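Both of the next two complexes hold chain A, though its partner changes from chain B to chain C.
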Partner chain A sequence: MSAQAAEAAGFRRGLAAFLHRRPWVRLSLLLSAPLLWLGVAYLGALAALFVTAFWTTDTFTGELVRTFTWANFRDLLTGEVYRTITLRSVGVALAVTVIDLAIAFPVAFAMAKVASPRSRRWLVIAVLTPLWASYLVKAYAWRVMLSSGGLLGWGFGLTATVLTLAYLWLPYMILPIYAGLERLPDSLLEAAGDLGARAGRVFRTVVWPLAFPAVIAGSIFTFSLSLGDYIAVKIVGGKSQLIGNVVYDNIGAANNLPFAAAVATVPVVIMLVYLAAVRRTGALENL
Partner chain B sequence: MNLSRPARLLFRLVLAAGLAVIYVPLLVVLLNSVNADRTFGWPPSGLTLRWWAAAWDSAGLRDALWTSVQAGLGATAVALVLGTMAAFAVQRYRFFGRDTVSLLIILPIALPGIVTGIALNNAFRAVLEPFGVGLGLFTVIVGHATFCVVTVYNNVLARLRRTGTRLEEASADLGADTFTTFRLVTFPMMRSALLAGGLLAFALSFDEIIVTTFTAGAGVRTLPIWIFENLFRPNQAPVVNVVAAALILASVVPIYLAQRLSGEVGTH
Partner chain C sequence: MRSTGSPRAGQAGRAGRYVVAAAALALAAACGSGGGTASGGGAPAPGHGGFTPPKLEALKSLGPGEGQVNLVAWAGYAEDGTNDPKVDWVTPFEKATGCQVNTKVAGTSDEMVNLMKTGQYDAVSASGDASLRLIASGTVAPVNTALVPNYADVFDGLKNKPWNSVNGVSYGVPHGRGANLLMWRTDTVKPAPDSWSVVFDPNSPYKGKVTAYDSPIYIADAAVYLMATKPELGIKNPYALDDKQFQAAVDLLKQQKQIVGEYWSDYTKEIQAFKGGDSVVGTTWQVIVNVAQGEKAPVEAVLPKEGATGWSDTWMVAAKAAHPNCAYRWLDWIISPKANAQVAEYFGEAPANTKACAQTADPKHCDTYHATDEAYYSKVFYWTTPIAQCLDGRTDVTCKDYSEWTRAWTEIKG
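Up next is the complex of A and B:
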């Protein structure tokens, strides 16, 4: 071994021993890069955006005016248009969630409790596969089907948006409910049946309460993904507008970043309220 | 469960209907890619491979595909490094603010894409532009990596939780130093988790459009951006449809790989 190689090996051993003796150095090294990236850069960017929401743009020059003002939030709260669009977005997100739940629950139940254990694995794969297909491709598929002359030919608009979003997020609802129902022991259902409960009662008093956290977990996906979306509505929504479109238009055409930032806080606040409300159901552990 | 025969039949029908809802739109896209009618009239008037040939020859499409692959590989590489580091820190150490680290890593996919998109756009323009770095492939990779970290993190975390530290302690007792143990014991244990996490990260990046819109600048066009730009051009419709069909066919690949991976785990 040459002197240089020996020196390198010695240095390596020394470094290894140093790291081994000092866990906090190891920890700091491990945390350094992720925290610099996500903690400093990403959170910093989010914070800067939030601060921007309290600024305005000069309508004449388009330059940022860096003085604190509530004006954007006042416009947002008092503007009839924005209230309508916010309510519409929440309505769309709710409708999507309800449709997905109505389809996903029976499908997940059939997968977990009716299908044979051997076919379950394949059913999960069958539900999982479209998750890998591109978002745009799926939205596009509905555009083709809904366009006049297509398979369905119902035309574009808010209904088309709800249907497309419901289709896009359906697997996100099926999979958590399936996982929840699979954990539910068959013996509980049999016991309820043996004690004289009919199917409806078993569902109401045993299946639903135990599967509820999984339902909430699924609804977090469908609700939040719908709330932030602006692409699907551009593809199949016709002239309809959701919160995401207002944000997008204020950045692009209107060049009003402060107002866009203020609007962008709306879905975030709604989601935080929703998450806080469902925290007690234990749904967050089901994600 | 004791369901009556009609009830079982009903549930099987529901299952079949659910799967039909999931697959019919995808099948329509696949069929339309060989539909001879330019406007996808239904039912198809004839079959042709003309559109596949046209897509193959499209230079813009090939550029977009290559850009997407580069962005995906770059973001995946960053996500693998950052996700693994964070997973080790959270799983192997107890420290103040440990839960916050998990939350921080999930945040970029929990927030609406447009929030992440405009926040990064704003930050890039404020921080990078004074140094002469404009929006481009580099900023796309940074943006994608930010929300891809979570997939690697989750996979590695689950793996570390399951394997424990016994083998590593044994390796240290036998005289291996930190680096040797990592190379010969820890890394081989994590390999399939890294592969699964990396696969998910790549797929996530490959499909992303919202964050890309705000971080790409004018010259850079990923595949989703290309699709979205051409979606509303009637004369490009057949080629867009071919791309969509190809992506549907390609989505079987990760499923196959994931199955192979889980099979590998099962044999241990």
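Up next is the complex of A and C:
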């Protein structure tokens, strides 16, 4: 062994010993990259968004005016139209979540408890398959189906939007529930049956409470994805608009980034409220 | 477009913790696409003397081409044969100059302004409601028309206009002009309409199948209609609306919303809606009519008797263009007689070059589009950016500026 190699090996050993003696250094080195990502890229972007919301733009040249003002939030809170749009968006997100839950739970249950292990694998693939196709292709496919000359011919509007979004986000609801139900031991179901519980009661007292955290996980996906969506509604929504469209129009059309940022805080606040409410149910602790 | 992230479902491990599922939701961004045009007319210039553009120098002399040029254009303005192999004036340009053309199609003027502000593009086909904003923000530089030989043949009626020049300094070369038309399906809309009333009448028999352009600038279309139907409002210019006039236009559009089926800004969406019968009557561009008819949709279009909004477009060069020499070559090419004739015929507009009229496939094209008919264009109000200082010259009132138009548009759509 050359002197150089020995030196390098000694250094490595020294470093290893140092890290071994000081677990907190080890931990902070390990976590620094992900924390940096979370802090700078994610929280930093949110903070920048929030700061921008207090600025304005010069209406003619479109340049940012960096002076503090509450005007954007005042407009947002006093404008009746924004309240209507917010309520409509929350309504759509809730409807999508409920529809997805109603469809996903039986599907996930069948996948986890009824299907044979072999077919289970194929079912998971089948659920994932739609995610391989582009969002736009799927949305336009619904546009073609819903158009008055199309297969369904129901026309466009809010109902069409809910339908399309429910279709788009369904896998995001099925997968967490499936994973949750898979962890549910069969013996619990058998025990409940042996003790004389009927199907309904087994569901109410055993399956649902244990699967609840998974349902919450799924609902966070479908709810937040629907709340931020603005493309499906542009394609199949007819003349309706959601929060996402207001944000998009203010950036794309009006070039009013500050107001768009103010509007964008609305879904953030709604999600925080939703997460806080979920936390109170205790579902997050079991996640 | 948008791409959704695919979920990575972690299998719940045997020893496992619950978890799972979820997904890396890479909700990627979406970019709007679409194309379109617009803008119009006889309106006096905004900001005439109302603002001083940043001091920028035009190109002094033409150097060798940089090998490529990035354009922001309306759909149908830079065709390279991919939509229709017979429609191609980009490939000959590339062969002649060695400048590879990369085109980004924009659907609204607002989108164009935002794209140009990214600094990644060299030239833009700006309508009147974008051009002045681009000049005022220093996004585009003056154009040295001496370096554009074909500029000499441009109609005098299009040179040095308020939407392409400031204080006598030219900021671009005129591309062509036209009007926003009323399109209808001939099998369902009878008799053939000749008035915008068919899209504004609350008792329209076509309720739920009416379509309108999805941009704040569409408020001007309502103002044009009010000019004819409610002269007592005293609207002289649909882009100069005081409180009362603006409110009347907004009310009209809110009422119109009841009969609207959908709003469009992506031109392919409108073509599809008319083909499928989801929309049967509404505002359009000639190019949409041409494409829809080419796809066998039974549609016709007309310039209604009330007049219309329209566009007079200008090719402008970015102040920070990375490929200015190729951009100037493109400017010269697109207003050369042959290319200008091709684009004018394909898009359905009047050409800017006087010699283009002799080059069109349809010898009557220039007559059909009233290329030399200034009286016709007095009924067309070119898209212009509304500003607080009234464009029609009134000084006793302030007018609604574009940010208020934008907010009103959100409110109209509810």
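Operating definition for what follows: the second predicted complex is superposed on the first by the 226 of 287 C-alpha atoms of A that agree within 3 Å, B and C clash if a C-alpha of one lies under 4 Å from a C-alpha of the other, contacts with A are read in each partner's own complex, and residues count from 1 in each chain.
We take it that a contact is a pair of C-beta atoms (placed from the backbone, for glycine too) under 8 Å apart; a residue touches a chain by one contact, two chains touch by 3 or more.
Computed from a predicted model, the values in this text were never measured in an experiment.
Engineer: Is A:55 touching anything from chain B or chain C once the two structures are fitted on A? First, second, both or neither.
Structural biologist: neither
Engineer: Give one of first, second, both or neither to describe whether A:256 is in contact with chain B, with chain C, with both, or with none.
Structural biologist: second
Engineer: Touching A:136, do we find chain B (first), chain C (second), both, or neither?
Structural biologist: Both partners, chain B and chain C.
Engineer: Name the contact category of A:63: first (chain B only), second (chain C only), both, or neither.
Structural biologist: second
Engineer: First (chain B), second (chain C), both or neither: which does A:238 touch?
Structural biologist: second
Engineer: Could you look at A:39 and tell me whether it touches chain B, chain C, both or neither (first, second, both, neither)?
Structural biologist: first
Engineer: Of chain B and chain C, which one touches more of chain A's residues?
Structural biologist: With both complexes superposed on chain A, more residues of chain A are touched by B.
Engineer: Would you check which partner chain A:175 touches, where first means chain B only, second means chain C only, and both and neither mean what they say?
Structural biologist: second
Engineer: If you stack the two complexes on chain A, which partner ends up touching A:128: first (chain B), second (chain C), both, or neither?
Structural biologist: Both partners, chain B and chain C.
Engineer: Could you say whether A:155 touches chain B, chain C, both of them, or neither, answering first, second, both or neither?
Structural biologist: second
Engineer: What part of chain A is shared between its chain B contacts and its chain C contacts?
Structural biologist: Correct list for chain A: 128, 132, 134-136, 143-144, 147, 149-150, 171, 228, 230-231, 235, 248, 251.
Engineer: Per the contact definition, I'd like the list of chain A residues that touch chain C in the complex.
Structural biologist: My answer: residues 57, 59-63, 75, 79, 81, 84-85, 124, 128, 131-132, 134-136, 143-144, 147-150, 155-156, 168, 171-172, 175-176, 178-180, 182-183, 213-214, 217-218, 221, 225, 228, 230-231, 235, 237-241, 246, 248-256, 286-287.
Engineer: In their complex, what parts of chain C are in touch with chain A?
Structural biologist: 1-4, 6-7, 9-12, 16, 18-23, 25, 27, 30, 32, 47, 51, 108, 110-111, 113-114, 117, 133, 136-138, 208, 215-216, 257, 260-263, 269, 272-273, 276-278, 385, 387, 401-403, 406-407, 409-411, 413-414
Engineer: Under the touch definition given earlier, write down the residues of chain B that touch chain A in their complex.
Structural biologist: Touching chain A: residues 1-3, 7-8, 11-12, 14-15, 18-19, 21-26, 28-29, 32, 39-42, 81-83, 85-86, 88-89, 93, 95, 101, 104-105, 107-108, 110-116, 118-123, 126, 145-146, 149, 172, 177-180, 203, 206-207, 209-210, 214, 224, 227-228, 231, 240-241, 244, 247-248, 251-252, 254-255, 259 of chain B.
Engineer: Provide the residue numbers of chain A that touch chain B in the complex, in ascending order.
Structural biologist: It comes out as residues 12-13, 16-17, 19-20, 23, 26-27, 30-31, 33-35, 37-39, 41-46, 48-49, 52, 103-104, 106-107, 109-111, 113-115, 123, 125-130, 132-138, 140-145, 147, 149-151, 167, 170-171, 174, 186, 189-190, 193, 199, 224, 227-231, 235, 244, 247-248, 251, 257, 260-261, 264, 267-268, 271.
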